[in-house]
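The structure appears right after this line, and notes come after that.
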Amino acid sequence: MLEIKKLNAYYGKSHILWDVDLKAEQNMITALVGRNGMGKTTTLKCIMGLISNKTGEIVFKGEPIEKRPPYEIAKLGVGYVPDDLGIFPTLTVEENILIASYLSKREGVWDLESVYMLFPKLKQLRNSRGGHLSGGEKKMLSIGRALAANPDLILIDEPTEGLAPLIVQTLAESLKRIKEGGITILLTDQNINFVKSVSDFVYIIEEGRIKHRGTVEEIKQSPEIILKYLTV
Amino acid sequence: MKKFNRRSFVKAGLAGSAAVLFGGLTGKKSEAKTLKNPIKIAHQAVLSGNFATYGKFHEMGARLAVEEINANGGILGSKIEYTMKDATLKPAVAVRNARYFVEEWGADMIMGIDSSGQALAVGKIMPQLNKPLIVTHAATSQLNENLVFKEGIKQIFRVSVPTYQDGISAAFVASKLPIKRWATISPSYTFGRVSWKAFKETLKKLRPDVEFVSESWAHFGTVDFSSHISKVMSSNAEGFFTTEWAGELISLINQGQKFGLFKKFKEVLLSLGGAMDVVEALGKNYPEGVWISCRYWYEYPPTNVNGSFVERFYKRWKRYPHYVSETSYSAIYAYKAAVEKAKSVKTEDVIKALEGLTFVTPAGRRWIRKEDHQAVYEVPWGRVAHTDKPPYVTLKNSIMVWPAEVYYPHPPFKENDYPPYYNNK
Amino acid sequence: MIETLIFQGLTGLSQGMFLWLISSGLTLVFGILGVLNFAQGSFYMLGAFVGYSVLKFTGNFWLATLFAPVIVGIFAFFLERFLLKPAYKLDESYQLLLTFGFALVLENLAKLIWGSGYIASPRVPGLNGFVMLFNRPFPTYYIFIIAMGFLTVAVLWYFLKFTWPGRILRAASTNQEMAAALGVNVSMLYSLVFGLGAILSALGGILATPITVTSSGVGDTIIIKAFLVIVIGGLGSLKGAFVASLIVGLIESYGVIFMPFFEMAMIYIIVIFILLFKPSGLFPENV
Amino acid sequence: MNSKEPILKVDKLFKSFGDLKAVNGVNLEIYEGGIVSIIGPNGAGKSTLVNILTGFLFPDSGHIYFYGERIERKSIQYRVRKGLNRSFQINSLFNGMTVKENILLGLLYWELPLGRLLTNRLPKALEEKVLEIIESVNMTDKMNIEVDKLSHGEQRLIEITLSIVKPPKLLFLDEPTSGLSPDERNMIMDKIRSIAETGTTVVLIEHNMDVVFSLAKRIVVLNRGSVIADGEPSSIRGNEEVKKIYLGEDLTVA
Amino acid sequence: MKAVFDPFESFEKFLVIVIILGYFVAGFFAHKFLSFILIKAMVLSIFAMGYSILFARTGYLSFGHAAFFAVSAYSAGLFVLHIKNSMLLALVVALLFTLVVSAIIGFLSLLRSKIYFAMLTLAFGMGIYTIIWEWESLTGGDDGLIGINRSSLFGSISLVPINHYYFFALVLLILTAISIYFIVYSPLGLILNGIKENETRMRYAGFSPKIYSFLAFVISGLFAGVAGYIDVFLENSASPVMAHWSESALPIFAVLLGGIESFSGPMVGALLLTLLITFLQTVSSEWKLWYGLIFIVVILGLRGGIVGFVKSKLKGRGGEQ
């Protein structure tokens, strides 16, 4: 679905990503794991076309997209849930969702109703302004909005950040259902338990370099890797 | 009212026959020895911004004069070289232009200038430049009273009327109208204030029973007069007077029509309503029956000189002459007359020749007063009526004129010494 | 006295509406592009001139009112594409200076094209009369202007609130990166918003022709007032622009009665107070 | 930990952005000497806390005492003059100016008598001091290069140097090693050690655990705007709660 | 390119000295109009050099500096007309008034920053314009003040002839250039530049940036005052348009044209701009169109101005060697 080769990215003089290679296979949840400040967000932004100062190849559905502007990448079928969630504060919940389907013009199973079915809480809040939601509600909305565009691939940055354990659990369930619905997911997180519970394939990133890759089973069987890269 | 019309026409006819000097059509052949070739005349007026149309009209009048004179052999055999520059409305630009004309370009005479501030600023440096300056528009009375008469800056002349015309002659008209209560919307700067004061004081002398019940002051650059109109219309005035001019007057008239201003007031006096920019812009929409004047009106005087000027002007530019076109045209002819009289282009000789000069122009006989270098001539008032051909406005059947001498203040100018010198009885 | 106050109020409202048409364009452009557009006054002037040409061609004021703003909008669209885009990487004060340059050029281009004269005011079929209020005539055209002002408010409100392009505009004004990630062509959006801003100003220009005079310098005069309006209202707030336009219109109108020589100064005094005590304006809010 | 009075005391500090409680009742005491590290996952409120402590933001409520003086409403420069300084995570230098000018600007307030504000030639002592500082970071050959043309690591070095040209009593370093190569990181770590040795108390906000554990004598763990653990590195390493927040809350689904 | 340790400092100094020498030599040969235009260029140079302290060094765009120009011109004019015909005392009085007015306006405007600052200076400046326009009894309203004549200096040196006045203006220009030189290439200049580059960092370096921005504002206001003073005695008149915001565009354009980053830029820009406007006005009645087009080109294409362009060429050549 998505393949990244030798991606290098820069913020000004700061070299953030070093030769990152990464694949997100169809109908799988791929996780990019690492502590914060290691380049996870930058990787997603590069895919989305939001960082122009980069080199390397990014191929989505066989098509090189590294030179394309974000809106074209979005229309090709990439959804994005940024770590700040990017909720439009002056739009209502419903508008936040519908704006995505309006803009993408892509057909699929996801529409307002199916998003509400996935996150019933949003239905109750449908007429509230985006700015008035709590952190967890915003997270649901941001994911729901990305889905409403019916993407083939969805990029989710730090889905568990700031969420209470119970909500993390629900979220894990939701992501699995999204995957079952036929959408490929690439997410970043530092919550290894969550990653273990939802993902199929794991990349560990540190200091802008991919340090380890493997299926979730392999990761589960090598706790030393986890301790080395993820904990204090 | 009719009596006045007749009298004015008689006077006008006399003026026409009293032509002493008018070189343009005489086509006198040049003398063998030329004075200076070419004689350089430099002109400046506002060519940019909201008042750019004034500069264009200035230029048309001057160019016509230059073309005619050159086609007829020039001034004593010397051709005229003419140049024109944008003076904007900034005094500093006018001063720079004047310096450029004289010190760099080598002008023998400079002319033009629209705003009072510019005229005064340029006037003040004329002793340094020492060339004749003929002002063709700026109307401040300070120019002739203070700069020329009191300070003795002899290089300054003015062929256009000073503000007296706008306030005082309007009061003459008003004194004949059967109404008592007056209101104004006036420009909120010196010109507007001086004119309204002159109007009030003159009218009060002529008609002690009048009252001035409402005044509203509009800033320079006002585009929307509706609140001013609304204000004066809430008074019980019967007559309305204004010295608003150019684009602002057009706005005022347009909006006034919408508000019914011309219905509410029995009589309306527009001192500069006869300016061709306003007449062109309004055309048939010009409200009928209002009194208008300006510093020259294309139908007055009904002389051959004027008639042929209007014809030639129209033929050349496809437009009717604006008052600044006439004053620019006449300024050049005045200069020509002076040079021919003095047989010299030396500043002192030309000044001497211009002082006291009487010459016939499209606007009638002009006489340049020796003391203050102000050209004295008559300007008509009349009621707007429509015609079928451009410019669609005529005053023919209602023209009123007073002898200029009776309402021009005389040297020595004393503070608040407004006319009438004219004995009404 | 009451009637005078009401009349002054109505004329003040109509003056405010012209300010609103300019300042709404300024606000939209500032809210999305972050550019304080000096040339907004030039679009107002172009609206009047282009409207005049369309009127001459078609003889119909309403066609002119319809087409002139669109033509000016298209022109502005390309102006943004070719000359403003390169300036986005510059400091905001340079963008302001650049649009100042646009204004200089447009004013003088207009003079070349339409000449330096005053353009005659068209008669508007059906709106030349007046209605009687307290036994005094009040022109229908002014009522029309006030109505048009409220109509544009309603249309803009509806557009922003209930149409997708409007919602996208609101979304992009708060988070352009996210809008781009959802499929908004931000570069195109910029051009379109610049064009839309020009359309609003040009509408003001053509609507003003029946009551004022049009000359190439007219944009200059009105843009400064519009700047002051959006400072009072709050940069980027349409609600603020509307309320402030009406406030300024009313102050000028009542100022003519109550403080004849200081109504101009009043605006500055208000601006100074706003900036010192409520620097983000009356309604600090996004589009 | 220390019987002495703390040099910095933070008392029930709160700060919200909208409904996000970025700093949620932080209590903290920093004692003189050594390196303290503040760690925590993304969004734990570390940056906001530093911004409040150094005057970049004002808190909603709570008090900050620096040597016993309440400073939570004081300006940045007031705190700096009292001896509290910081470095920035994203380099915040005087771009477009040379290394020398950057260092000089850092020194001017402290070293230049007001009367010499308009001197065309700098006082000798000041000039020497600038050169000395530049030499101490091995940049003598680059001192006339504009800082935005330097490598990221060099810029970071100047970033930190700028905050210590006048050695503060308490220094906050915000992610000093982020975006650096291993070599550059070692260089910065040496720099931090040497800063601490000269008597400046250093508070280190850092992601890189190697850096944290090799430098800090005390670690404060922040999560969701509150302090959840505070102690020596060994006790933090063994702290279950810390492990949980870094690896994820204990999930039944796991 | 920047303050204190500018490798091009000597080039900049050289350029300024060459221009001043040029003015000096021209003073002996220029006939009347040219000397008038050159004094105009000096006036704009002084205005722009002062303005560059605020705009180019400290990074604040003001649309209100024409007001200080006008305050100085009017106070000098009113002083010689009504109180004492002494040009030296008039200078002192004019600068005193300018100081007070620019201190008040500077203090108020600097309470806000960036785009709001530009707006505030516009509003305050236009407030002064309105006062001059409306206070007719004092200022002569729209007619302005006229008859502000030059007299002599120290009772013996007559400034009435324009070539004498030329050298008087030149002395003021040189004094301005020296002052600006000392400001730009001094710790103060570095501090101001620091505020432009990174105001927050300046706070972390211990400074109170507002105090220095205020200083820059008042300094630039004072030099606008010097320029207004020279101008009023050159024109022999003062008019309200001097205070209009559009007049504030002149020093901005001069600074941009010459080169915003350079010390000599304002002087180069002012001279070129004055000659350019004079030339355009002579060849075309649509001069403002050309003026506007050049303005756009400078902002979009010539960011370092003319001096910056020359320097980058010189630098490029140095790099190849």
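As written, the chains take the letters A, B, C, D and E, and residue 1 is the first residue of each chain.
As a convention for this text, a contact is a pair of C-beta atoms (placed from the backbone, for glycine too) under 8 Å apart; a residue touches a chain by one contact, two chains touch by 3 or more.
Keep in mind it's a predicted model, so treat the numbers as computed, not measured.
Trainee: Chains shared as neighbours by subunit B and subunit D?
Mentor: In this structure, the chains that contact subunit D and also subunit B are E.
Trainee: Could you tell me which chains make contact with subunit B and subunit C both?
Mentor: E
Trainee: Which two chains meet at the most C-beta pairs?
Mentor: If you count contacting C-beta pairs, the leading pair is B-C.
Trainee: Which one chain sits nearest the middle, judging by mean Cα positions?
Mentor: C
Trainee: Could you work out which chain's C-alpha centre is the most distant one from the centre of subunit D?
Mentor: Using the mean of the C-alpha atoms as each chain's centre, the farthest one from subunit D is B.
Trainee: Starting from the Cα centroid of subunit E, hunt down the chain whose centroid lies farthest away.
Mentor: Here the answer is chain A, farthest from subunit E.
Trainee: Report, in whole Å, the distance between the mean C-alpha point of subunit A and the mean C-alpha point of subunit B.
Mentor: 78
Trainee: Go ahead and note the Å separation of the Cα centroids belonging to subunit B and subunit E.
Mentor: Here subunit B and subunit E have centroids separated by 39 Å.
Trainee: Can you check how far apart subunit C and subunit E are, centre to centre, with Cα atoms defining each centre and the answer in Å?
Mentor: Chain centroid spacing, subunit C to subunit E, equals 33 Å.
Trainee: Can you give the whole-Å distance between the Cα centres of subunit A and subunit E?
Mentor: The computed centroid separation for subunit A versus subunit E comes out at 55 Å.
Trainee: Where in subunit B do residues touch two or more of the other chains?
Mentor: Each of 47-48, 188 in subunit B touches at least two other chains.
Trainee: Where in subunit C do residues touch at least two different other chains?
Mentor: Residue numbers touching two or more other chains: 108, 111, 220, 261, 264.
Trainee: If you look at subunit E, which of its residues touch at least two other chains?
Mentor: 134, 288
Trainee: Could you run through all the chain pairs that touch each other?
Mentor: Pairs flagged as touching, ordered by label: A-C, A-D, B-C, B-E, C-E, D-E.
Trainee: Show me the residue ranges of subunit C that touch subunit B in the complex, using the header's touch definition.
Mentor: Per the touch definition, subunit C meets subunit B at residues 3-4, 7-8, 10-12, 14-15, 18, 108, 111, 115-121, 123, 128, 130, 136-139, 141-142, 208, 210-213, 215-218, 220-222, 252-254, 256-257, 260-261, 264.
Trainee: Under the definition above, what is the set of subunit E residues touching subunit C in their complex?
Mentor: Within the complex, subunit E touches subunit C at residues 61, 108, 111-112, 114-116, 118-120, 122-124, 126-127, 130-131, 134, 245-246, 249, 252, 256, 286, 288-289, 291-293, 295-296, 299-300, 303.
Trainee: For subunit E, which residues count as touching subunit B in their complex?
Mentor: 31-34, 36-37, 40, 133-134, 136, 140-144, 146-147, 162, 231, 235-237, 239-242, 278, 281-282, 285, 287-288
Trainee: In the complex formed with subunit A, which residues of subunit D make contact?
Mentor: 18-20, 39, 41-43, 90-91, 148, 150-152, 155, 175, 178-179, 181-182, 207-209, 212-213, 221, 224, 236-237, 242-243, 246-254
Trainee: So in the complex, the part of subunit C that touches subunit E is made up of which residues?
Mentor: Interface residues on subunit C, with respect to subunit E: 36, 83, 86-87, 90, 92-94, 96-98, 100-105, 107-109, 111-112, 220, 224, 227-228, 231, 235, 261-262, 264-265, 268-269, 271-272, 275-276, 279.
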